[in-house]
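Take a look at these structures.
You will see chain A twice below: alongside chain B first, and alongside chain C after that.
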Partner chain A sequence: MTKIIVCRCEDVLLSDLEDAIEGGNQDVESLKRYTGFGTGVCQGKSCVAHVGAILAAQLESKAVPIMPFTPRPPVSPIPMRLLAAKDDTTVVSLRGPRGRHKGPADGAK
Partner chain B sequence: MANGWPSWHASTGVDRPHELPDAPPGEPATISFEGRALSAKAGEPLAVALLAHGIDIASRSVKYHRPRGAFCLAGTCAQCWMRIDGIPNRAACTTPVTSGMIVSRENAFPSAELDLFRAADLMFPGGLDHHKLGTTPSRAVNMIIGGATRQMAGLGAIADDAQIAPSPSMRHLVCDLLVIGGGPAGLAAAETAAKAGLGVLLVEKRRELGGQLLGGLFDDDAELSSLRARARGVIESHGGQVWPHAVALGIYPGEGREREVLVRRYFGLAEEHLVTVKPDAVILATGGYEQAALFGDNDLPGHYGARALARLLVRRVLPGNRVVIVEGVTPVETASRLAKKLVSVGATVTRVSAYPHADPAVLSGRVPREARGRARVKGLEIGSATDPTAKAQVLRCSLIASALPQAPAFELAVQAGASVEHRPDLGGFAVKADPGSGRASAHGVFAAGDVTGATTARRAMHDGVSAGLSAALFFGPDAALEEARERAFHAALGGPVR
Partner chain C sequence: MSLKMAIPPGSREPLPAETPLLVIGGGIMGLATAYNAAKLGLRDIVVVDRSFLCSGASGRNGGGVRMQWSSPNDVELMQRSIDICKHFASEMGVNVWFRQGGYLFLVKNPALIPALEANVRMQNECGVRTRMVSPSEAAEIVPGLNVSGVHVGSYNPDDGVLFPWPFIWGYAHKALELGVRVYSFVDVVGFEKHKGGRIHTVHTTRGAIRVGHVVNATGAWSPELSAKVGVSIPNRPYRHEILTTEPLKPFLTPMVTVLGEGIYFSQSMRGEIVGGMGDPNEPQGDHSTSSLGFLRRFAESATSLIPALGNVQVVRQWAGLYDVSPDGKPILGEPAAVPNMTLLVGFTGNGFMMAPIIGKLAAERIVHGTKVPYFDDYNPDRFEHGIPENKETMIIG
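Here is the complex of A and B:
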């Protein structure tokens, strides 16, 4: 028997989502909490659009606007060591003649 | 090849069997893949080097231990994560090859080629409900199940300590305009705004600028090609900066209407560090993510995004010579262009579309049902889009390309306070932007291109011009800029250009 995979990161099947919708999880956030879809490495980039469509198809006439779950930073994984870096307090300014803070672009590196 | 793929070259003994004969030699580099020495080219993405050798299983899935391979080749689908030079969970598709690189696959026993943990997949053909797993009346049994589950799940082993280098300091930048994304929309927007007098920073996550143009599918379009070739020079000559290899990680609200964008510069390179960017205005040209069509065993290695396959072709690597291109209910311009490219290198192409296609050669009104093959794609069963009882047909193939609309990359827009709407016809959750100006629903935020559900590359470019002009007008009225925006709007619609 084959499996229709909607969320590859967490191996969530189309049937898991359909069962969860039938079980009363009728918005994207609840579906995420119940099935775990969108909680993996890609954070929903490959699945949340599909889940929106699946939800719309299964709910049919119940016209509640379908919204995605809250996309929190960072939007792609980063090593913790980058966040632990020291702070360089110099501020580079990139301003053009039309900008609010008028002045030539200094283009400093 | 022992893996049962139809090799591209009829002859054996070719060093990289899935590379086209006209592939440029590149700078030779040798990598060590699970103890095997493989020939590669310095700087090419690791996933491409492995595919050229016919290594298509990059990982095993977290729960059922199903074989997985690269799908998007753009660093987003997370299916090609490998242990590279002692560091776990690095995307092979965005990691450039260096000579002597040591690569292995993770989370499989005894190996990713033959993973005994796949028993989890075969034992639970209908799926495994984790809400009920390990909830028998016996506490002892539950503990055993819990322990075994923990053994089988996971994401790699921790990094070798010696590999973790200290990070360079976090930097700071202020600018008039930040443009996020260097595809046709972002390039056009940044170029236009720089020419109009803004201090512009453009960030692009890839090493190269161009976005969807990198697939070589629009090389016959003089306007798009010229944009890609000139944009960086124009922006820099007006005092702006262009940062490839720079990923916008998040947008944070600051004081009043200020916002700060966290950027990872020199992504994946030794000198990588974080930068906080404080722009007065932001243009989101973040594009979208390639989506896999939903059908049985749609996660088998050999199923790629259409744009991913196009970029592989640019690198002259094609891991199979019989291709089925699958379109959904919305036509996608990539599909026909990719088909043409594939045919030109001698591949056999079959197109399937759920919508009625004018070309009789396209199997229209048909949808994919399930892929054939155990460890990689060997075929695709298709059926009627409207009649589930109609007889199915099996297409023999070694590659499947999903050509669905990109799912808009809306994350940063929402963080910036802009609204999105559910538009399945546009690929998912599209950022709402005024069609004439690119204005999104947050102060100083504009959007253009795939992130708004743009239908074509040209449309993305025209929307980019409008957004760039709107960003310039955000700093004060100007009749000439207004007029230019009016012209851009008509150009975007393909209507009269004054």
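Here is the complex of A and C:
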């Protein structure tokens, strides 16, 4: 049998979601609590839109607005040692490895 | 897990015209009460919740269950609750990831030692296997624990953790199987009473329903709901924040907490470190937003206790509400002014773990009129002459 994985962090299958919707979980927040989708490392970034589409398709004519679940901080995973750091230079260096921001040395210019 | 629900909680069906028992609040307390009442033979029970199931504190807590308390009542209640947890998965047909790894209370403030020792003696008299542990014993229980500043600890190997969400689904599913009707997204807007104070009709956003008995299991929102029926209760909502990390290989056996400092964390069966930390400066209020300040306070405290956690990544934070009672003990039973409304509130951060036994006792009381001594001790009218002196002091967070 082919298995289609919708949430790759938590291994939630399309069939899990379809069963959950049929079982009465007809909003995205309930589906998250019922199946655990969106609770892994990506926090739903790669799956919540798919789940919304699956819910819309299965509810068909029942035309209720479909909302994503409440996004939770942090935007991406952060090691505790950086959060625990008391001096702000360490917090600034959080941005360094991503390449989108200048590191603390450049920022000091 | 696939549970087929007769009337899906998310349905838009109208409420029935009447019910012998309306449970307001579809959290674990309300669902456990409805399930147990149905099991005792009561039919046509209705549960309403203003949001989705798991939306309140039942879906937001750290999943700890423990027998270490300062009040014998609380110890006994939790012994019985943990007994129910042990059999929950097989009885309810759902995996709740229950694991008895113990709770380790650490003491850094020496002033707290005598009371902890007295509490451990009392717990032992109740039959709980708590023992005092030295810092080096604590470090054996928790590899990598930094015990500098730790004077002593207490450890009960039979305390544990579970995953709250499937616990809710277990109760919801079995309640539905027994004919309970569960309606989410239904809010209560008002009550109609007889002259003697008994409620006869409850008005909701989905119409009116005639009732025989009402349970108020709305946790942090219960003062607001009680006010609508003219009952003033002294419990109040306070935000508490919590987080979870990436999953790790199992290494942490117990829930770790520092007495009086608010921090607690454990490793779930999914491998994540789940932990929170109360803030003594948190103002009263029912908002549940997340703050960077909490992340920093928690990370500082957790990495000072276990330095190796420094490299562990936080993936999600959220907040929920403690339903704080003035003496740290629950508010249970019927207020004199409204004899057919049972309050199951004021659990001060401990409602989830107490719900399995409270739901059972409340159902016996409502369906069979069974006398439950805990309900006398924790009656809602006990605050009439001020706050009782004997407070529950082993509150975490």
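Just so it is clear, the second predicted complex is superposed on the first by the 86 of 109 C-alpha atoms of A that agree within 3 Å, B and C clash if a C-alpha of one lies under 4 Å from a C-alpha of the other, contacts with A are read in each partner's own complex, and residues count from 1 in each chain.
Here is the rule we use: a contact is a pair of C-beta atoms (placed from the backbone, for glycine too) under 8 Å apart; a residue touches a chain by one contact, two chains touch by 3 or more.
Keep in mind that what you see is a predicted model, and the values were worked out from it rather than measured.
Of the two partner chains, chain B is the only one that A:Leu14 touches; chain C does not reach it. Once the two structures are superposed, chain B and chain C can be ranked by residues of chain A touched, with B on top. In the overlay built on the shared chain, the residue A:Val41 is in contact with chain B and with chain C. Of the two partner chains, chain B and chain C are each touched by A:Leu83. Once the two complexes are overlaid on the shared chain, A:Gly52 sits against chain B while remaining clear of chain C. In the overlay built on the shared chain, the residue A:Pro74 is in contact with chain B and with chain C.
Once chain A of one complex is fitted onto chain A of the other, the partner contacts of A:Ile4 are limited to chain B, with no touch recorded for chain C.
Note: residues 16, 36, 40-41, 72-74, 77-79, 81, 83-84, 86 of chain A belong to the chain B contact set and to the chain C contact set alike, using the contact criterion stated above. Touching chain A in their complex are the following residues of chain B: 61-64, 66, 68, 71-72, 75-79, 81, 89, 121, 125-127, 129-130, 155, 164-176, 194, 196-201, 205, 238-241, 247-252, 262, 264, 272-274, 280, 289, 291-292, 294-299, 370-371, 407-412, 414-415, 420-422, 424, 427-429, 472, 475-476. Chain contact summary for the complex, chain A toward chain C: residues 16, 19-20, 22-27, 29-30, 33-34, 36, 39-41, 43, 72-74, 77-81, 83-84, 86.
On chain A, the positions that touch chain B within their shared complex are 1-6, 8-11, 13-16, 36, 40-42, 45-46, 48-50, 52-53, 56, 65-68, 70-79, 81-101, 104-105, 107. Looking at the complex, you find that chain C touches chain A at residues 2-5, 7-11, 52-55, 59, 165, 168-169, 184, 244-246, 290, 292, 295-296, 298-300, 302-304, 309-318.
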